[in-house]
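After this come two complexes, each holding subunit A, first together with subunit B and then together with subunit C.
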Partner chain A sequence: MVDKAEIFDKLKSIVGEENASMDEAVLRVYSYDVSPYKGRPDFVVRPGTPEEIAEIVKLANQYKIPVIPRGAGSGAAGGAVPVNGGIVIELTRLNRILEIDTANLQVVVEPGVVHATLNKELAKLGYFFPVDPGSTDMATIGGLISNGGSGMRSVKYGVTRDYVMQLEIVLPSGEIVTVGSKAPKSASGYDLPRLFVGAEGTLGIITKARLKILPMPQAKALVLAAFDDLEKAGNAVVNTFAAGIVPSGLEILDRSALEAVKTYRPNLDIPIVEALLLFEVDGTPAGIREEAARIEEVCKNTGAVKVDIATSKERFDELWAARAVVGAATTALNPDCTRVYEAEDITVPITNVPKILLKIREIGKKYGMNIVTFGHIGSGNLHPALVINVLDDDEWDKLWKVSEEIQTAALEMGGTTTGEHGIGIARARFMEAEHGKAMELMRVIKKALDPNNIMNPGKMAL
Partner chain B sequence: MVDKAEIFDKLKSIVGEENASMDEAVLRVYSYDVSPYKGRPDFVVRPGTPEEIAEIVKLANQYKIPVIPRGAGSGAAGGAVPVNGGIVIELTRLNRILEIDTANLQVVVEPGVVHATLNKELAKLGYFFPVDPGSTDMATIGGLISNGGSGMRSVKYGVTRDYVMQLEIVLPSGEIVTVGSKAPKSASGYDLPRLFVGAEGTLGIITKARLKILPMPQAKALVLAAFDDLEKAGNAVVNTFAAGIVPSGLEILDRSALEAVKTYRPNLDIPIVEALLLFEVDGTPAGIREEAARIEEVCKNTGAVKVDIATSKERFDELWAARAVVGAATTALNPDCTRVYEAEDITVPITNVPKILLKIREIGKKYGMNIVTFGHIGSGNLHPALVINVLDDDEWDKLWKVSEEIQTAALEMGGTTTGEHGIGIARARFMEAEHGKAMELMRVIKKALDPNNIMNPGKMAL
Partner chain C sequence: MIEACVPEVVKCVRCGKCRSVCPTLDVVGWDNFGSRGRMILSGEIIKNGFEPNETALNSIFSCTTCKHCYEVCPSKAKVPEVMEMTRNILVNAGKGLTSHRKMYERVERLGNPYDEHKDRNWWMPEYKEPEEAEVQYFVGCTPTYRTNDIAKSTVAVMDAFNIPWAFVRDQKCCGSPLIRTGYQPITAEHNIDRMIETAEKTGAEIVVTSCAGCYKTIKGDYPIKAREFDIEVMHISQYLADRIKKGELVIDKEVNMKVTFHDPCHLGRHMGEYEAPREVLKAFGVEIVEMEHAKQSSWCCGAGGGVRMAFPDLTESIAKKRVKEAEDTGADIFLSACPFCVYNLKENSENLDVKDMVQFMAENL
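This part shows the complex of A and B:
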C-alpha cells in the first residue's frame, strides 16, 4: 500500500502548499465534468509550469498512480473524471498566450488558455483561430485539442487537428518532448502531433501548443431556409455543395429545436417548420452576396418554403442567437427535466442526417421523451438533447435505453458516436462496435507509450 | 539462411507466376526511384488484392524479410528503394476507383490509382480532390498518402492528411484492419489514419483509402506580381494574408527560375525580375475579381514593379505553364548538367523565405552551382534544383556539401527538410537534428507496430 500522506507531501513540495489539496470538498469538485459520470480523485494539484507537471508525472509513474489532466472540466464525456482515483492535474494556471506571430499565421499558447480569450486577442489583430466550439467561453485549448473538438465552422475550416502544428508534451515517463514543426507544412517523420489530438490525455499531457491561425474574412452573410420536409432540407445541403459552395457554417434546427427556441425566446423572428437550415458564408463582400444568392436559388429549387438572407450585423446576430440558445432552450419544453449529456454528439454521413433525425423522433416517441435535436448538418454532426427528471430512477433507465438506441443507429448509418466531444467514459462501450480490430492497434500504442497505464486510465475502452 | 527459391515459390503461389519476379533486369528496375539512392531487391511482386498483400506480408514476417511497398516509384527521397533487399510490393494493379459519393463528398480508391486519373473522373462530376502534387500524372494515391504529399494549393486547401477519412491497412502481422470513419468528422479514439499518413510504408501497407473531396470552385483568377527585391515579395505574401485573403495557390519564381523558364520557353511573356509571385484565387466570379483587385493593391503598396491579373482561361493557362515547366527548365541554364533530387523540398516559416532564398544563392555562389529555386511560398515550401555533371565525381562531392548546407540552413530557420516529399533515405541523416527526443517516440511506435522491423526498414532513421 502506498502511503498517501507521503505522496501528498511530495506533491506539495512540487507545486507548493497552496496548489495541492486532499480536502474532501475540493476532491468532490473535481469528481465531475458535464457528463453524468463521477469518480473521486485522491489528490488535486494545480501546477504552474511544464517542469512541475513533469515532476508530478514522474512521481505518479514511480508509484503507479493514475494521473488525470483537466482543463475547464467542460467536457461532456467524462474524460476528466477520475474513475480510478489518482491525481487530478488542473491545467488552468498555464494560461498564457506565449506568442502571436500573425506574419507566419501561428500562435503559441499554454493549455489552460480559454478558447474565447485566444480569439478575443486575435480579433484585435484581424486574425482568428477558426475552430469554434459551443463552449468557447469555458473550454481550454488543451481540452479542445485532447478531445478533438471542432464546432460550427468545420464544414469550411476543418477541425482542431488541422490547426495543431507543434505540441510540447509531458510523456508518461515524465519526460518533456516537443513534436511537430514551426514550418507551415511538413512531411518529416510520423505525424506525432495528431497522435495526441483526441487522445484525451491517455498518452501524455499537453503543456504547450503551436496553432495555425487565419486572417479574418472580410465579410459574412447568413441564409435561412425553412423546409416543411426533412428530406428536402437534406437535399438542399447536398445541392449547395454541388453548386460549388462550401459554407463556413451549415446548421440545422428541426421542429423540436425551433419550438424550444420559440418557447425560450418568444420574440425571436423564426418560423416553426420541419427543418430550418442556417448557411453562413464568409469571404469578400461581393463574393458572399453572390454565394448567398446562389444558396437562396438552390434552396428554392429544392423546395424551401421560405428563404431569408441576412447581411446586416443586427439580423445576422439575431439569427445566430437562435442557434446559440438552443442548447439552453432544450429544457424549455420540459421545465421539470434536466438535460443529460448522453448520445449528444452523433455524426453520420451528410445524406443520412434526415434519416437519423426521423429515427431520433421515433425513439423519442417510443420512450415518451421530447428530444430536441440540432447541430452541424454540414458535417453530419447532431446534438440530440436528452432530457429527464433526474430525481426519478425510472427516468434514468429510459435515458440509457434512448442513448443506446440513438448511438447504435448512428453507427449503423456509417457514423460515429462522437464528432467533436470525445469518447471518455460516456462512449467507451461503443468502441469495439465502431472500431473492431483497430481497437487492438490503439491498445498497442497506448501500452507502448504508457506501459504502467498511469495516464488517464479507464477512458476510451483502452 | 533462408532458401530464396522456396520463398519465391511461395510468392508465386500467392500472386501467380506472371506477377512475381527474380529476373535480374526486373530487380534492377525496382532498385531506383527519382532520388540518387539505390538498393537491390530480392523479389518483386505485383499483387492484385489486399488479401494477396496480407499473405505476402505474413510470409515476410515469418521469414523476417523486408517488405517495400511501391507505387509509381516517382518519390524523390528513396522511400521505395530496397536498401536492405527483400520483397518489393508494387501496388499499381490495385488501381480502381471503388466509389464516388459526391453527395457525401467522399471517394474510395485503391492505392495504385494515379492522382490525375482520380481528378479527371471527379472533374466530370464537378468535384475535385484538392491536393495537387506536381507529379500528378505519375504519383499514385497510396504514395501520396504514404509520403504526406501536398502541392500548390495547400495554402488554402491543406495537405493530404486533411483529406484522409479512412484507410484499409495490411499491418506488419499480415492482418487487414480498417481505421478511421465514414463520418465527415470524428473524435472517436486515436487518430489512426494520420499515423499512417507520411509513415512511408514503415507501419503497414495502405490497400484502400476513403478520401474527402470538394466541389470545384466556380471561378479562378491569377495575379502576377513582379518585385525587384526578395524582401518586398516576402512582405507582399504577409500583407495579402493580413488583408483577409487566403489564396488557393501562392507560388514564387526567383530570378534563377525566371531565367531558366525564359531560356526553356523564350516565347512566354514573363518578366525577368528578382522575384515573381503568382497568386491563384478561387471562388465565385465576383468574389475572385474582388480578391484579385485587393491582391493587386496590396502588391503595389508593397513595392511591386508590375502587377498583372489573368482571368481569361488562355492567359491563366499560359502563366501557370511558366510555373509548371520550371522543373524541366532547371537544366536549361546548364545543358551538360542533370538535376539531382537533394535538398529539394525544404520548408521554412513564411517570413524566412526571402532569407533562405538569399542563403541558397550564397551557397550556390560559394560552390559554383547555378541553383534554380521555386516553390510554394504561401506554405514556405521551396524546391531548389541542384544540378551537376553526374559523370564527374568531384561534382558529387560538391552536391553533398550544397545539400548539407541548404538543409541545415532550413532547420536553423525553424523549418524542416521536407514539406511534401518525405524523408526516405535522402533526409534520414537530419532526423535527429530536427526532431530530437521525439525520434525516440517514433522508434517506440515503430517497434510496437512492427517488432520484427520488416516494413520498409532503413527509412526515416527508424
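This part shows the complex of A and C:
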C-alpha cells in the first residue's frame, strides 16, 4: 500500500506547498472536464518548470501512480479526467510565449499558453497561428496539440499537426527530450513531433512547442449559399474544390441549426432552408472578390436558391456570429436542457456529409430527440449537439443509444469518431473498430515509451 | 432553495470559457477559484452529498458575483445567482463565513454593515424634509459612512441643477451585502415602506441612488411586484442622462480632460446600463478613453459579493490589476459610478486619481 501522505510530501517538495493539493474540494473540481465522465484524482499539482514536471513523473514511475496532464480542462472527451486516480498535472502555470520569430515564421510557447492569447500577441505584429478552435478563449496550446485540435479554417490551413515543428517532452521515464527541428522542413528521421500530436498525454508531457505561424491575410469575404436540398449543398462543396478554389472556411448549418439560431437571435438576417453553406475566402482584396464570384457561380449552377456575398466587416461578423452561436443556442433555447458532449465530433469523407446529416435526423426521429447539427463541411467534420434534461435518467439512456448509433454510422461511412476533439475515454470503445490491427501498433509504441503505463492510463483504449 | 438551485447548476457544461474572464481565477490559478470550479462544487454540495470543507467554502464565498462569466457563457449558466443560492443554503446550514455573519448582525442591529452608530444624516444635520420633491435620494451605507464626499457631491449636483430632492426617510442598508453573502434582505420591507411614505409626503416618485449596488438591489432584487411598489428606481447617472437628453439639464462647461470609466458590475452587467454614465460625462466635453476591458467585458474591481470583507488580499490583487488597466489608457482621471468600487479602487491606486462621477461633476459644475 502506497503511503499517500508520503507521496504528497514529496510532491510538495517538488512544486512548493502552494502548488500541490489533496484537498477534497480541489480533487472534486479536478474530477471533470467537458465530457460526461468523472474520475477522482489523488493529487493535483501545478508545476512551474519542465524540470519540476520531470521530477513528478519520476516519482510517479517509482510508485507506479498514474499521471494525468491537464491544460484548461476544456477537452470534450474525458482526456484529462483521472479515471484511474493518480496525479493531475495542471500545466497552466507554464504560460509564457518564449519567442516570436516572425522572420522565420515561428513561435516557441509553453503548453499553458491560451490559444487566444497567442493570436492576440501575433495579431499585433500582423501574423497568426492559423489553427482556430472554437474553444480559443480557454484551450491551451498543450491541450490543442495533445488532442489533435483544429477548427473552422482547417479546410485551407490544415490542423495542429501541420504547424508543430519541434516539441520538448518529458518522457514517462522523466527524461526531457526535444523532437523535431527548427528548420522549415526536415526529412530527418521518424516524424516524432507528429507522434506526440494527438497522443493525449499517453506518451509524455509537452513542455515547449515550436509552432509555425503565417502572415495574416489582407482581406476576407463570406459567401452565403442557401439550398433547398442537402445533397445539392454537398455537391456545391465538391464542385467548389473542383473549380480550383480552397476556401479558408466552409461551414454548414442545416435546417435544425438555422431554426435554433433564428430563435436565439430573431433579428439575424439568415434564410431558413434545408442547408446553408458559409464559404470564407481570404487573401488579397482582388483575389477574394474573384474567388467569391466564382463560388457564387458554382453554387448557382449546383442549384442554390439564394447566394449572398458579404464583404462588409459588419455583415461578415454578423454571419460568423450566427455560426458561433449555434452551439450556445442549442442549450439556451430549452431552459430544462443541457448539451451533453457525446458523438459531438464525427468526421466523414466530404461526399458523405449529406448522407450522415440525413442519418442523424433519422436517428433523432427514432429516439424523439431534436438534434441540432452544424460543422465544418469542408473537412467533413460535424458537431451534432445532443441536448437532454440531465436530471432525467431515461433521457441519459436515450442519449447513450443516440451517441452509439451516430458514431457507428460515421465509422460505416469511412469516417472517424473524432475530427478534432480527441478520443479520451468518450470514444475509446470505438478504437478497435476504427483502427483494427493498427491498434496493436499503438500498444507497441505505448509500451516501448511507457512500460509501466503511468501516462494517462485508460485513454485512447491504451 | 435546493430545488431552485439544482436546475441552474446543471446548466453549466464545464466548457471553461469563463476561465478567461474570472477575476479570482486570474489571481489564484486553482480551478476551484473560478466560475466553473465553483459550479462544480455547488453541484457536489447540493446534489452529491459533499460536506463542504474550508476550501470549498472559501471557493464558493470568494466569487465577487461580477457576472462576467455569464456574459461569455455559451449555456447562459447563472453563476452569480447559483453562488447566492448556494451561499444561502450554506448559511442556513450554519456554514456561512464568520465575517459575513458578523456583518449580518451589524445590519440587523444598526441598519448598516459598517458598525456605525452615527445618525444617517450626520453629514447634513440641517436637513429638513421638503414639502415637495421630485426625487428621493437613497444614499446607501458606503457614501454615508465611508466615502461621504460622494453623498455630498450627489446633493451638490442635484442642487446645482435645481432638482428638488428629499432623503428616503429613515434609510437602512439596502440589503445588497446580505443577499450577496447568502442572507435574506431583512431591511427590504423597511426601506420599501419608507420610500412609499416619502413619496406620499413629498410626491417624489423617483428613487435615485448613487450606488450601483443599492440600485441593483432595490430595482433588481426587492420583491417589488409583491408590494405594488410602482416608484421608479434609477441610478443617478440614468436620471441625469435622461434629463440631459431631454434638454432639461444644460451643462455649459467644457472640461479638457481624458477620462477612463470603470463600469460597476452591478450597474453594467447586472442591470445593463453602460451608456448613461458615459453620456453624462460626454456632456462635460471630456474625452473618454476606454480600458482594455470595458462595458460588457469590464473587469471587476474585486470588492463585490462580500469578497472585500472576507478575502481582502484577493480584492487587493484584483483591484490593482484594474487600476493598472486604467493607468495604461493614459487617462488623467479614473472615474466610476459606484461608491464601493471607488472606495476600493482608490485604496489600490497610487498614481491615478480615482473618483465617483458625481464628485467629478460637483467639482466641474
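Operating definition for what follows: the second predicted complex is superposed on the first by the 459 of 462 C-alpha atoms of A that agree within 3 Å, B and C clash if a C-alpha of one lies under 4 Å from a C-alpha of the other, contacts with A are read in each partner's own complex, and residues count from 1 in each chain.
Throughout what follows, contacts are C-beta pairs under 8 Å (C-beta built on N, C-alpha and C of every residue); 3 or more make two chains touch, one makes a residue touch a chain.
Because the structure is a prediction, the values reported are computed rather than measured.
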{"item": "Subunit B versus subunit C as contact partner of A:21, first or second or both or neither", "value": "second"}
{"item": "Touching partner for A:359 - first (subunit B), second (subunit C), both, neither", "value": "neither"}
{"item": "Contacts of A:379 with subunit B and subunit C, given as first, second, both or neither", "value": "first"}
{"item": "First (subunit B), second (subunit C), both or neither touched by A:92", "value": "second"}
{"item": "Partner chain in contact with A:437 - subunit B first, subunit C second, else both or neither", "value": "first"}
{"item": "Which superposed partner A:244 touches (first subunit B, second subunit C, both, neither)", "value": "first"}
{"item": "Dominant contact partner of subunit A by residue count, subunit C or subunit B", "value": "B"}
{"item": "Contacts of A:30 with subunit B and subunit C, given as first, second, both or neither", "value": "second"}
{"item": "Which superposed partner A:138 touches (first subunit B, second subunit C, both, neither)", "value": "second"}
{"item": "Residues of subunit A at both interfaces, subunit B in one complex, subunit C in the other", "value": "none"}
{"item": "Interface residues, subunit A side, partner subunit C - complex", "value": "21, 23-26, 28-34, 46, 72-74, 90, 92-93, 114, 116, 135, 137-138, 327-328, 331-332, 335-336, 338-341, 390-391"}
{"item": "Contact set on subunit C toward subunit A in their complex", "value": "6-7, 10-11, 13-17, 19-20, 29-32, 36-37, 40-41, 44, 50, 52-53, 55-56, 59, 72, 74-76"}
{"item": "Footprint of subunit A on subunit B - complex, ascending", "value": "101-106, 126, 147-150, 154, 158-159, 161-162, 171, 175, 177-179, 181-192, 194-195, 197-199, 203, 214-218, 238, 241-246, 283-291, 294, 345, 347-351, 378-381, 414-423, 427, 431, 434-442, 444-449, 460"}
